[in-house]
């Protein structure tokens, strides 16, 4: 396990990298139900951090608190030193159910964030076309969401988040409604995309393989109430053929190790 | 159905409207609108009058018979259309047309076919109520899960048993929804029929009250009728609530 | 009063499965089956008329002949001219007013609290009882007929619009918020487009109710238009003419509803095209 750095004490994390998102003492309760308890996390700039855990661990809740879509019961989130009180232009969200407007074409869906900001039509269409090409959907600009497969729809969702040029991308189980083959292709594309983008990704998933495959850091959350149980930095070389990663020994070891840790929470 | 958790306060606004009605009535702004309290008083007296009681008996009888016929014919027809494609193909178009057509135009036909009496009213109730029952039953039968039917077959269910023990029950939530809508439409049918025939039941009373400008009684009768329509819908909804778990379990 | 909220669901209930069925079926069914179905209907009518089941039951062929007779002598076109004016006016007024009230009630809690119960009552109750009264107040002219159309059409339109606005896709609202949409942007770019199919379905139901209203007004008191044509031929025992008139108004109402569905698919929801 020499290559996998495991830190047992999450509260004492100090990364050498500069943190862009800082989560301090976040608690969240719904009535009597405690969803999150005292979450303290730093998300380093330019890295992809996954929030991983079994259902009920509050990972999506934490992501939505960072997005400013729901309020925390206690604690604070800062992005670039500024305290989060609602959605902001420096963060963009990718939704689990895609959240595409069925009455709008791919182009308009991708340009929607810019449209809301008042960017002129010619400019926003040009930007949108660029990102549609980057996610591999060139030629589909004038299609409607119902004409696309699940994987393609989520590419639209990703292009929309990229087009507003936010520094932090928040992805809420983006591949859970995408079928297995497309998911794998999409994961490969995501690895390629982020090496070109230099953005910070925060990625919620319940798939151990997915988290290990794409993440620089993995935050393991334990359920009821949601707490940080471990932070793992898989040391996997992603520069070569993406298919090789699945056979990489470090990859397999890390997956196994996380599974051993999570097993106790699965009934 | 609970809507956004505040069902009761929402309907409470009707009280506000009653108060507004009372004020407008007292100010004598609109000649046709007596104060709400007068209407309530009139309703009280009306309920005790033999003419109202007779009219109610006539109306209820016609309504009940019409609805019973609509249910007795509508459900089998709906099941037939839900299960047999050719029946659906041939009848579907007409059922859909009649479900949304201005059926009030057909009441004159009923009047010459069935005479100026109770039979016309029964026919009107039937005609207003039956189509929606057919459509909802058909939809319910269509939505029965095929694996449920295959299950029954694989355990050796006979055709009658399949219909009596599986299809009818699995389609029950939709059938009841259809009956509820049929009842609401049936109330409209009985009123429209009686208004057009004008010598039977509530129609005769409405005719008398509005012709003689006895407005308090006119409004009293209207309120009683509205309350009756609401009460019926409420009753059937209680029953629906009891089978709701089917609908939930089927998803 | 649990009923009342439930009664409101009638609006969408009818709107979605039933009416979309109406036109959906009329459109999607292979044309031959539809013709067979029509032929079957006409055949049964013809046979029933020849037996005859009643002295007041003309054959299908007599009714068709009477229909062309009524068109030729100009009495049916004149009657329709008088019926369609208040119908169109009443439906246009109900559409603007109803969609407006529905949107306000869907967006504002106060509007919802104050107005929705009234429309729920009007939707479930037999408002036809008001039509004689309306005719007493406004006479037998255009105004009374227009109001008759409106009291029947307005509740359906209001309740469908309200329900559509209240039930807008939650995840699109969150999406719009996360991309910093203002309240106005949320309403114009998410709420209204998302609600438009159900609103339009409500308009279709409103049109159906409007037909009922205008026919009822004409049958009850106002001696003009299609209702008068029906009553007149009944009094003269011209049963074929009477049936022809009734069939024509039912056919017109059905064709109007199918046409509205066609418009909806073509114009309002381009993403439905070709599916």
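Going in written order, the chains are labelled A, B and C, and every chain counts its residues from 1.
By our rule, contacts are C-beta pairs under 8 Å (C-beta built on N, C-alpha and C of every residue); 3 or more make two chains touch, one makes a residue touch a chain.
Chain by chain, the UniProt names read as follows: A = ABC transporter ATP-binding protein; B = ABC transporter permease subunit; C = ABC transporter permease.
Quick caveat, the model's predicted, so the values are computed rather than measured.
Visitor: I need the chain pair with the most C-beta contacts, please.
Guide: B-C
Visitor: On a CA-centroid basis, which chain has its centre farthest from chain C (ABC transporter permease)'s?
Guide: With centres defined by C-alpha atoms, farthest from chain C (ABC transporter permease) sits A.
Visitor: Centroid of chain A to centroid of chain C (ABC transporter permease), CA atoms only: how many Å?
Guide: So the centroids are 49 Å from each other.
Visitor: Can you work out the whole-Å distance between the CA centroids of chain B and chain C (ABC transporter permease)?
Guide: Roughly 18 Å, centre to centre.
Visitor: Taking the mean of the CA coordinates per chain, how far is chain A from chain B in Å?
Guide: 53
Visitor: Note the residues in chain A that touch 2 or more other chains, in rising order.
Guide: Within chain A, no residue contacts more than one other chain.
Visitor: Mark out which residues of chain B touch at least two other chains, giving numbers and ranges.
Guide: Residues of chain B never touch two or more of the other chains.
Visitor: For chain C (ABC transporter permease), which residues are in contact with chain A within the complex?
Guide: The touching residues are 171-172, 174-182, 185, 189-190, 193-194, 196, 269-271, 275.
Visitor: Which part of chain B faces chain C (ABC transporter permease) closely enough to touch in the complex?
Guide: For chain B paired with chain C (ABC transporter permease), touching residues are 1-4, 7-11, 13-14, 16-17, 32, 89-94, 96-97, 99-109, 111-113, 132, 135-136, 139, 177, 180-181, 184, 187-188, 190-192, 195-196, 206-207, 210, 213, 218, 221-222, 225-226, 229-231, 233-234, 237.
Visitor: With touch defined as at the start, can you tell me which chain A residues reach chain C (ABC transporter permease) in the complex?
Guide: That would be residues 67-69, 87-89, 91-93, 95, 97, 99, 101-104, 112-113, 115-117, 144-146, 160, 164 of chain A.
Visitor: Residues of chain C (ABC transporter permease) touching chain B in their complex?
Guide: 1-7, 9-10, 13-14, 17-19, 21-22, 25-26, 29, 33-34, 36-38, 40-41, 54, 56-57, 112-118, 121, 124-126, 128-133, 136-137, 166, 205, 208, 211-212, 215-216, 219-220, 226-227, 230-231, 234, 239, 242-243, 246, 249-250, 253-254, 257
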